[in-house]
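Two complexes follow with subunit A in common, the first pairing it with subunit B and the second with subunit C.
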Partner chain A sequence: MALFHKVLRGTYILRKCSKPTSALHPLLGIRFADYSSSLQKPVASPGKASSQRKTEGGLQGHHQKEAALDITCPEEKPDVSFDKAIRDEAMDHFRRLKDEIVNHWKGPEGRPLQEALLEQAKVVWQFRGKEDLDKWRVTSDKTIGGRSEVFLKMGKNNQSALLYGTLSSEAPQDGESARSGYCAMISRIPRGAFERKLSYDWSQFNTLYLRVRGDGRPWMVNIKEDTDFLQRTNQMYSYFMFTRGGPYWQEVKIPFSKFFFSNRGRIRDVQHELLLDKISSIGFTLADKVDGPFFLEIDFIGVFTDPAHTEEFAYENSPELNPRLFK
Partner chain B sequence: MNPLAQPIIYTTMITGTLITTLSSHWFLAWVGLEMNMLAFIPILMKKTNPRSTEAAIKYFLMQSTASMVLMMAIISNNLLSGCWTTTSYINQPPSLMMMTALAMKLGMAPFHFWVPEVTQGTPLTSGLLLLTWQKLAPISIMYQIHPSINIHILLTLSTLSTAMGSWGGLNQTQLRKILGYSSITHMGWMMMTLVYNPMTTIFYLTIYIILTTTMFLTLNLSSSTTTLMLSRTWNKSTHLAPLMAPILMSLGGLPPLTGFLPKWIIIQELTMNNSFLIPSIMTIMTLLNLYFYMRLIYTTSLTLFPTSNNTKMTWQLENTKPMPLIPPLIITSTLLLPISPLLLTFH
Partner chain C sequence: MSWVQATLLARGLCRAWGGICRAALPGTSISQVPRQLPRGLHCSAAPHSSEQSLVSSPPEPRQRPTKALVPYEDLFGQAPSGERDKASFLQAVQKFGEHSVRKRGHIDFIYLALRKMREYGVERDLAVYNQLLDIFPKEVFRPRNVIQRIFVHYPRQQECGIAVLEQMESHGVMPNKETEFLLIQIFGRKSYPMLKLLRLKMWFPRFMNINPFPVPRDLSQDPVELATFGLRHMEPDLSARVTIYQVPLPKDSTGAADPPQPHIVGIQSPDQQAALARHNPARPIFVEGPFSLWLRNKCVYYHILRADLLPPEERVRWGWHHPEGWNLYYPMQLDLEYSRSGWDDYEFDINEVEEGPVFAMCMAGAHDQATLAKWIQGLQETNPTLAQIPVVFRLTRATGELHTSSAGLEEPPPPEDHEEDDSRQRQQQGQS
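Right after this comes the complex of A and B.
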């Protein structure tokens, strides 16, 4: 992976000391340690050097033009070492493994059991810095050729996250897509040592709590369970979140019993409750077929136990649609 | 489940186990294992949710892989010795393959990762059958091949199972996973004396089935699947809350309860065979098991955990769930130690 990253850096056309885009990080899956190439600067011939000096003088006050591939920025000399990158990555993973083993000894999620059992509310995601944004990824129908755009940045005073963009329901001209127009923000799956998938255990809570400020658009909250099978990655549990718009913050409480089951975007006839012991990710989707700009500001996302809510599951299965369930 | 299909499925499951335990031909024993596995799949999928389906698929994949390895071992043994009978001596390579296959079926370390996942994904009654009935057929085969088993590998698997089962169950809050890890630990103890005295293994298995059945039925009665739900048992079934303590202590092997008896026999058997280090390691590892059982006892029986439900008088309402055999099972799982000389005559 480090070698692949090194090759990518070497093939940049615009050399403005830029780092590889963060869009690649989800694809490649692991963070890269900064490293610099051990390439030497090419030695210019005397004739070329004098002409270079003349052109350099003429370029004073102008911005740096496109540089050749193999010339590094004079301001920054990155320190590259392939061995160091591999070593740092391995040390990071072993450190995380050690933390996991120590936390396993202490109790669930590294806290004593009594503390975990007596907890009645928990903030799972909050947005107070750029590192909190790294736990999320945004996607839109641009991946299938659509024209929607979505961005995520920190809000004012670094107290919230702002999800904004433009929704466009214009279908891509690929001959097979008839509908389009969605934007989504999905949390990354928590990873342990050596990139093992982890999951959240919310079994002692019964309600999702969100503090958001929207623009009046209806959003869909999607929760995915942790699974080892590829066929289940399209299964999710969803519910609606209607934003009010306006300057005031909105506190949305959605009991987990209200989430309905869907597979590949279609609500299934056989419904069952969301099991909370292995939650993988949560996401917010906008697909209300209204073209135009949108925004959603999120302060935090948490879970809590509502003692007044005793419902286990809000939906029933129909004996007409699924007679085998009632035999 | 369809009431017409249910007796067929259960009958097939029981028949498969009986075929395996009573047959002396390797092929028939393998057929019994397959019948048992295939009949058990719909039992795991009693509830129609994706988690149960995932658990059933994981169970099927593990068991069918183990069956493939077992068939490979049977055929290899036939090639080397020309025998199809289970009572004849088995050469070392097929014996090793058989032990691997049966360890996978039993959920012994290092093939134990499926046990907590499958137990967690299934209802409590299915989990009970998974951790009790499904052990009978593989252990009966292990009993028959015990003279041919490599003792060093068996001791390694057993010690590893005890360690992994104890370590894995340490910070679990899901009760089915705790019982799954407990099963892994108990499998380690059971297999430890298989080569020295196989009857001890059968004796331990019997006591283990009684203890696990009692635990599962008690959890089913209070419909508890997490530690938090179990901690509110004092509010729902006040008589059941203090009874959990001796059941769990017996499962942890604490004297003077029934669960101590098989561990005592196994330690005695190992020390009689000049093995001191391994029973010491296993006893120390089992303390971890006892630690997380004691945590459950603390939250359930020894303290009145704060409850957030509105009615604190639910214990006054009649419990409509049937309580099959729970009182005699609780007595059996806690008070058998005084009659241990009688039990040991059978052993």
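Right after this comes the complex of A and C.
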């Protein structure tokens, strides 16, 4: 039966061994629908589409297209569509690569050079739709066995993001954790063609700008650098963000010179300033040892150049703690 | 045989020995063991069988549910009055010191004391931490030669010292000269606890005053004062006025179980008052709440009085037609830009979230409509135009987690009570 399909199409397609299950990427499912509808005209065996629908329970794209087809077919042809789906995705990546190369010719990220160089305020993350929420992920100490919960959803009128939940500093009974209780919202690393890791270049800005509305709790803002050459999973630069609470929106401006360096959650003795040319992700953490519900509403996150801020780095190294630096 | 057994008992409270004694004395409570010791060798040892072995047998916790499984825990349970405060804590610490000159088991005792500090309420008391560090024997753990300096000398003790400092750090207690001197005496200058102290002394001053909205550590527990502080904390306008509309009745005056009057404290700034006076009576205003505000570790709830955003055609801009007029002599609204010249542009390329104006805020003891209606009535005294404006109460459960939302939600909010309070009704209430 599979050979019959191949003959029909006139192309040779590598047989994939695995049968698609409902765990497939939903994008593939939608492509299935397209492909099967195009196949119906020459083949006149439309039942495969409905059998596909039965195998991939829960994919929404099908129902409108295959509603009229009820004939069941014994053979599935997901292999064919699976290959097509792979090809489509590969084409998509190549297209993105081509865009990247062309944009690089035009200027950084496709914007003309004069616009990018003279820019003084840039919105990096905004929360105006569900797709903006997909750029973030939330974690809590449930991963180590704690009891805190955290959720992220769109706020009022789809104009802001609401991060809410409950913090519980009850330590997990696993014999090695003495303290617990944290919730975090971390941005996903920007991906380019072929899921390459990209990074942000904020070297012409010097202040982080956040428009938030909190409930009086102190948060911590963490910035992680790109892990292109060096493995830096546990290193990050942090600073505190104090929310006022209340119904008014609060503007928080944190200069990048205030961020201190920490590794594996501990401040290190050797401090150096945050280099802004390869920023990978930003995150907000709540771990203020107070149990109870919390919320944080974020309007947007941007970076800008504060001309009044001339400090390069806020912390100096001490010769008592680092004698080797001062030799 | 008995005096040998007595000497064994008198040897000390090291855990293995404690295990043996406990295993060998079934049916006696654990508190008997230390009580025998101060009496010296002359006390008669409790009867135990002759086949007692000197090798420590594992203790059997299942048979003794009433006994403490942690050594020295009974020291903390012996307060005469039963109250847990600094004096009884220090008394327990002193009692440990009296047991033996060698201070056996001081590490276990210090770890236990660190855990018990929170119950006794002394976790932010520097003097108590210094007393705890005082338990360590001095000059014993200092390295004396190069080899001892290379290898971590007395690692368990250094870990214990670091644990004491770590608890100080987590509670925000700044160490002082006495702590430093104690650590030098106990561990020496190049030890890990001393290094941790140096780090505390370097980082604490850097982060002590970075909170732009500081909340004092000792907040008053009186609800009216707490509400006043909370409202002032939230309101950025310094000329706002806090009004106490209702004070809770003192509990001893009436025999009622709970005070019939919850406190109501409100805040309004002159700008908000003017905006409310200008508000169009055809549009309703909403009482929303309760929202949560955290002051250190205390959560209070507040309500706001706000109106919806005006549609763009109705928004009044400064100019000829503004009700406050246009002044020839000086500008009524200054729009100072933070730019050096024409090429500077510090505006973000996004439309900020715009929400309707907030006219007043309040904190009340109860979150029901009756209390808030009293607040509105109180507000009417300073804002007479409020009588003509319809007020809609949009109250949710006092979970304090989410902001209530106006129209345009995706998922159903927690149950809301919508009650239209017509202006005529309230006028009648006000008159009656």
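We adopt the following convention: the second predicted complex is superposed on the first by the 244 of 327 C-alpha atoms of A that agree within 3 Å, B and C clash if a C-alpha of one lies under 4 Å from a C-alpha of the other, contacts with A are read in each partner's own complex, and residues count from 1 in each chain.
Heads up, the rule we're going with is that contacts are C-beta pairs under 8 Å (C-beta built on N, C-alpha and C of every residue); 3 or more make two chains touch, one makes a residue touch a chain.
Because the structure is predicted, anything quoted here is derived from the model rather than measured.
Peer 1: Specify the outcome, clash or fit, for subunit B and subunit C once both structures are aligned onto subunit A.
Peer 2: Fit: subunit B and subunit C sit side by side once superposed on subunit A.
Peer 1: More residues of subunit A are touched by which partner: subunit B or subunit C?
Peer 2: After superposition, C is the partner touching more of subunit A.
Peer 1: Counting only touches as set out at the top, which of subunit B and subunit C does A:102 meet: first, second, both, neither?
Peer 2: neither
Peer 1: Considering only touches as defined above, state whether A:307 meets subunit B (first), subunit C (second), both or neither.
Peer 2: Touch status of A:307: both partners.
Peer 1: Once the structures are superposed on A, label A:227 by its partner contacts, choosing first (subunit B), second (subunit C), both or neither.
Peer 2: Once the two structures are laid over each other on A, A:227 reaches subunit B alone.
Peer 1: In the superposed arrangement, does A:157 touch subunit B (first), subunit C (second), both or neither?
Peer 2: Second partner only, subunit C.
Peer 1: Should A:292 be classified as contacting the first partner (subunit B), the second (subunit C), both, or neither?
Peer 2: Touch status of A:292: second partner only.
Peer 1: After superposition on the shared chain, which partner residues are touched by A:120: those of subunit B (first), subunit C (second), both, or neither?
Peer 2: In the superposition, A:120 contacts both subunit B and subunit C.
Peer 1: Scan A:91 for contacts with subunit B and subunit C and give back first, second, both or neither.
Peer 2: After superposing on A, A:91 lies clear of both subunit B and subunit C.
Peer 1: Rounded to the nearest angstrom, what is the minimum C-alpha distance from subunit B to subunit C in the superposition?
Peer 2: Checking C-alpha atoms only, subunit B sits 7 Å from subunit C at its nearest point.
Peer 1: Is there a shared patch on subunit A that both subunit B and subunit C touch, and which residues make it up?
Peer 2: 118, 120, 305, 307.
Peer 1: Flag every residue of subunit A that touches subunit C in the complex, lowest number first.
Peer 2: That would be residues 118, 120-123, 126, 153-160, 162, 164-166, 179, 209, 211, 215-218, 240, 242, 244-249, 267, 269, 289-290, 292-295, 297, 299-300, 302, 304-305, 307, 314-315, 318, 320-321 of subunit A.
Peer 1: Considering only the defined contacts, which subunit A positions touch subunit B in the complex?
Peer 2: Listed in rising order, the residues of subunit A that touch subunit B are 104-108, 113, 116-118, 120, 201, 203-204, 225, 227-229, 232, 235, 270, 272-273, 275, 277, 305, 307-308, 310, 324-325, 327.
Peer 1: Which residues, counting only subunit C, touch subunit A once they are in their complex?
Peer 2: Residue positions touching the partner: 170, 195, 198-199, 202-203, 206-207, 210-213, 215, 230, 233-236, 291-297, 299, 302, 304, 306, 340, 343-350, 352-353, 355, 358, 361, 399-403, 405-406, 408-411.
Peer 1: Can you check the complex and tell me which residues of subunit B touch subunit A?
Peer 2: Contact set of subunit B toward subunit A: 1-3, 47-51, 54, 57-58, 120, 167, 170-174, 226-228, 231, 295, 299, 305-306, 308-310.
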